[in-house]
Amino acid sequence: MKPLSELNYSPAELMIINASRLLRDGDVVFVGVGQPNLACNLAKRTHAPNLVMIYEAGVIGAEPGRLPLSIGDPTLVSGALSVVSMYDIFTNYLQRGNVDVGFMGGAQIDKYGNINATVIGDYAHPKVRLPGSGGSQEIAAWASRCYIMAPHQKRRFPQKVDFMTSAGFLNGRKERTDIEMRGEGILAVVTDIGILEPDKSGEMILTQLHPGKTYQDAKDNTGWKLKSSEKVSSTNQLTDKELDILRRELDPTGTYLN
Amino acid sequence: MKPLSELNYSPAELMIINASRLLRDGDVVFVGVGQPNLACNLAKRTHAPNLVMIYEAGVIGAEPGRLPLSIGDPTLVSGALSVVSMYDIFTNYLQRGNVDVGFMGGAQIDKYGNINATVIGDYAHPKVRLPGSGGSQEIAAWASRCYIMAPHQKRRFPQKVDFMTSAGFLNGRKERTDIEMRGEGILAVVTDIGILEPDKSGEMILTQLHPGKTYQDAKDNTGWKLKSSEKVSSTNQLTDKELDILRRELDPTGTYLN
Amino acid sequence: MTKLTSLSDAISTHIEDGDLIYAAGFTHLIPFAAGHEIIRQNFRNLVLARATPDLIYDQMVAAGCARKVIWSYMGNPGVGSLRIIRGAVERGDLEWEEYSHYGMITRLQAGASGLPFLPMNQVGVQDLEQVNPLIKRIPDPYGGKDVIVVPALNPDVAIVHVQRADENGNAHLWGIIGEQKEAAFAAKKVILTAEEIVDESVIRSDPNRTIIPDIIVDAVCHVPFACHPSYAQGYYDRDNEFYLEWDKVSASADAVNAWLEKWVFRINDRSEYERNLGEATINRLKVKPLMSKSINYGDY
Amino acid sequence: MTKLTSLSDAISTHIEDGDLIYAAGFTHLIPFAAGHEIIRQNFRNLVLARATPDLIYDQMVAAGCARKVIWSYMGNPGVGSLRIIRGAVERGDLEWEEYSHYGMITRLQAGASGLPFLPMNQVGVQDLEQVNPLIKRIPDPYGGKDVIVVPALNPDVAIVHVQRADENGNAHLWGIIGEQKEAAFAAKKVILTAEEIVDESVIRSDPNRTIIPDIIVDAVCHVPFACHPSYAQGYYDRDNEFYLEWDKVSASADAVNAWLEKWVFRINDRSEYERNLGEATINRLKVKPLMSKSINYGDY
């Protein structure tokens, strides 16, 4: 294996590969297109061959023959295990508790892992109107474990989101626990600096740093006073194999890697 | 056409043929097996070629190649227009208001057309335990028009049913109207003596007699003081064609005709 | 990951005395083989839920497996009474709980959805509501009439027979699909029996046909002819003669016991049952092929 | 009874200014042809509901057809923003109403079922509930947590594109089936467009595939290639280049108007649109066949 310094990789590749490592063999994953799709397909081709990929469009066990360019790409359907209606996906699969992992994205992620994908500014008089929940409100509530991939930027990590589209730990872990939702919540935020995980109170703290990155880098790019765990470990370096699968097999045109 | 006296026919044939005449071309009918199935298939082969037959097992537009012997006979499925789940049949079709006609049966039918298919005697300590509602509770409520076929017998037509499995006009038409259910209720009870229809109060009264039958016959075989309409008309006599289709095409072994 | 196992192992592994069982299949694909295996393994105090108990629950009640039956239509379809269950209810020997078909399937749909309850519109009559305290009414928060609600039903085990499945439990079924999907998703465990075990590629050739996915299935058993005397669309016909015969057998306790001895206790499995039925019966129930037109998914 | 008619007649007969329209299809089978016909016929004050408005509603809003949009994800899928709708909302020029996907589809499911509302489990966050008064919470009558409810959505007209239908409106569809069934059953009227009009015998060869029955359909239009730039599984691919191009076009009002002139107002129908697209594009979107395995229904 080459030393890391000799590997050229993008921030996106760093996040995708670290996210893929969070998946376990046999997991049922609610996948979005783009980077989460790459992370899942990478995991399936490495340590998690029995990963089952579910798409909110109603596809179960997709084996895409090419890189899907939208959540409803026909390549997800041909050769899949099952295709069902949207109502079934959200009831029988997600709400019933048949989904292990969800990947979340959003314009803002706050100190308690709450996500805003709806609006910047006031809801009734939006400064920037974003797409809205889609499936994410329910995924964040009911998938057993949720992960976020996001570039580490101060404006993206504010103290408090303008609008709570999807639940992290709300105003603290107790509030989520009291509602007794099925899912455990946001268990990791994978950024291009490191990984944040919730502490006992549900606050997102720095627990891992990518090689070459510092706690100060993370603090400088976070909108709240970022705490860290007692011991901050280092993420394992990217392997040639991982990068190779990503670049050659999964996204040869580099659509989501740069 | 032969005079009626020269036609030999059974009470069942008399009821089936008169019931088939109540169907209109284009009706969507929720069909049971047995006599209602024969009435519908007869109508489809005579005056109602565009009748759509729906079975509670989830079959739409069945074209049975043989006489179905149960509500779930495979002959109902092969060549049907659509097959859907039970939940869909009861929600999207029946509750949504896509069914024009329902056929009801039961061990007891009372003065207001209420039906008992559940129990004779006390519910908790049944004297005779009957099968129960099946689909009939909802058909009686939501099909636009409901019809009953039943041999005219005093014990079958009590003043009040032991248990209300399906709604006729409850304790009077006003009670049904107040609940604003979709269906108009039981619009005719076809017996082997004649036809009962609801009056303004929802009480079932004699409105038609089969040729050769009398009001007295009907009164003698009814458990309440049976009223009649001002003018009681006579049902049209059975035709050779109707009897022929029934006997030769629809039920050649006479399973439901005797 | 393969879940292929013998029916006898599947039943002994996944069922316990006292469980609430839903053997699915509205008049079609009724899992008689699994029911007989439950009888053979002498399970007791089961709660047996089915929209239509059909002969299979009549037989299980006759064998003493059940303490309670939940139904929406308790009859011998197309024939008349279920004499065993009816007699036990009339004598006060068996608990029961009752719904309309719509109430029953709504309980399963709520269970399959992970919801605590689901609503239904009013039906005028209130007698069933009055004898079953689980049927309630609540206001419509949008100002309409009150709606009727029933609670989720989440069986301990659902038993579902299908026409074809792969060894992981992805299943194609067709013809009357009744409450198969809802029962499977509602249950805590799912035992699948299948007419045919096919390669995963057959399933993947038509994903819209896959009603039950492997992720909810616990055991897959290859049991052809599992539905006799009910039927499997495209595989064999309903044995109406047997439905008529059961009406006579079930009129006498001795005849029922003799029947259970011969057709359940003294045989080992479904293939022995099939052999005992004999060629004449099996040939009578055979069906000529009538194939669906194919569809094009496109090679994207 | 045949309901075959031209798309232009179907739209003019069944749609009125001010109607609530649901053009169905979650990322698949999006009825662009019908949307363009609505623009061409100059409808006004429509309420446009779709889980994902997609480009079709962006175009209809650009053309001034809508007073309000109802959505659960307002984006250009796989690309970014829907600039027209987003701009109109940010400027305060357009009403909107918003749900999660699950809330949106639950509204349709309630509408399709004939129910006044349906419940969903709690999701922790309450911000959407607070800005949309139609989202309420009610107690669980069985003692669990409160549930969230949404009211039935019953569009005046649903527009549904399918792969194949007979002339009466019985339709087979496959691939992503999204909310096609729910929208059709929920709506007061249904306009069907189809890639192919087939003989009734094709439909009857596979009744389990029939998701939409003729009894709820008001008009059937034969409109091949109706979904471009979205796609029809097995017939043609998504034109991703167009989705990227719209991102540029929609950045300028002039470019949008020019686009609408060229691709909607100055042409008569979908076949002209298809001719104007040109062979290169059409060939690029062609797809090799990949056929489903057939099933046996049996000739009973």
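Residue numbering begins at 1 within each chain, and the chains themselves are lettered A, B, C and D in the order written.
Heads up, the rule we're going with is that a residue touches a chain if its C-beta (ideal position, glycine included) is under 8 Å from a C-beta of that chain, and two chains touch if they have at least 3 such contacts.
Since the model is a prediction, treat every value here as computed from it, not as a measurement.
Colleague: Can you check how far apart chain A and chain C are, centre to centre, with Cα atoms defining each centre and the answer in Å?
Modeller: A distance of 40 Å separates the two centres.
Colleague: When the C-alpha atoms of chain C and chain D are each averaged to a single point, how far apart are the two points in Å?
Modeller: Computed value for the inter-centroid distance: 37 Å.
Colleague: Which whole number of Å gives the spacing of the CA centres of chain A and chain D?
Modeller: Measuring from centre to centre gives 29 Å for this pair.
Colleague: On chain B, where are the residues touching two or more other chains?
Modeller: 59, 73-74, 77-79, 83, 95, 142
Colleague: What positions in chain C touch 2 or more of the other chains?
Modeller: In chain C, the residues touching two or more other chains are 114-115, 120-121, 145, 174-175, 177, 181, 205, 208, 233, 237, 287, 290, 297-300.
Colleague: Using the definition of touching given at the top, classify the network of chains in this structure as line, ring, star, complete or other.
Modeller: Topology of touching chains reads as other, fitting no named class.
Colleague: Please give all chain pairs that are in touch with each other.
Modeller: A-C, A-D, B-C, B-D, C-D
Colleague: Within their complex, state which residues of chain B touch chain D.
Modeller: 26, 28, 50, 52, 59-61, 63, 65-66, 73-75, 77-83, 91-92, 95-98, 142, 182
Colleague: Give every residue of chain D touching chain C within the complex, in rising order.
Modeller: 114-121, 136, 138-142, 144-145, 147, 149, 151, 163, 172, 174-175, 177, 202, 205-206, 208-209, 233-235, 237, 287-300
Colleague: Using the touch rule from the top, collect the residues of chain C that touch chain B in their complex.
Modeller: 26-28, 51-52, 71-75, 77-78, 81, 86, 89-90, 92, 98-103, 105-106, 108-109, 120-128, 131, 145, 174-179, 181-182, 231, 233, 237-238, 240, 243, 287, 290
Colleague: If we count contacts the way the header does, which residues on chain C are in touch with chain A in the complex?
Modeller: Against chain A, the touching part of chain C is residues 1, 112-115, 170, 181, 185, 200, 203-205, 207-208, 210-211, 213-216, 297-300.
Colleague: If you look only at chain A, which of its residues touch chain D in the complex?
Modeller: 33-34, 56-59, 69-74, 76-79, 83-87, 90, 94-95, 114, 118, 123-129, 131-138, 140-142, 163-167, 170, 176, 179-181
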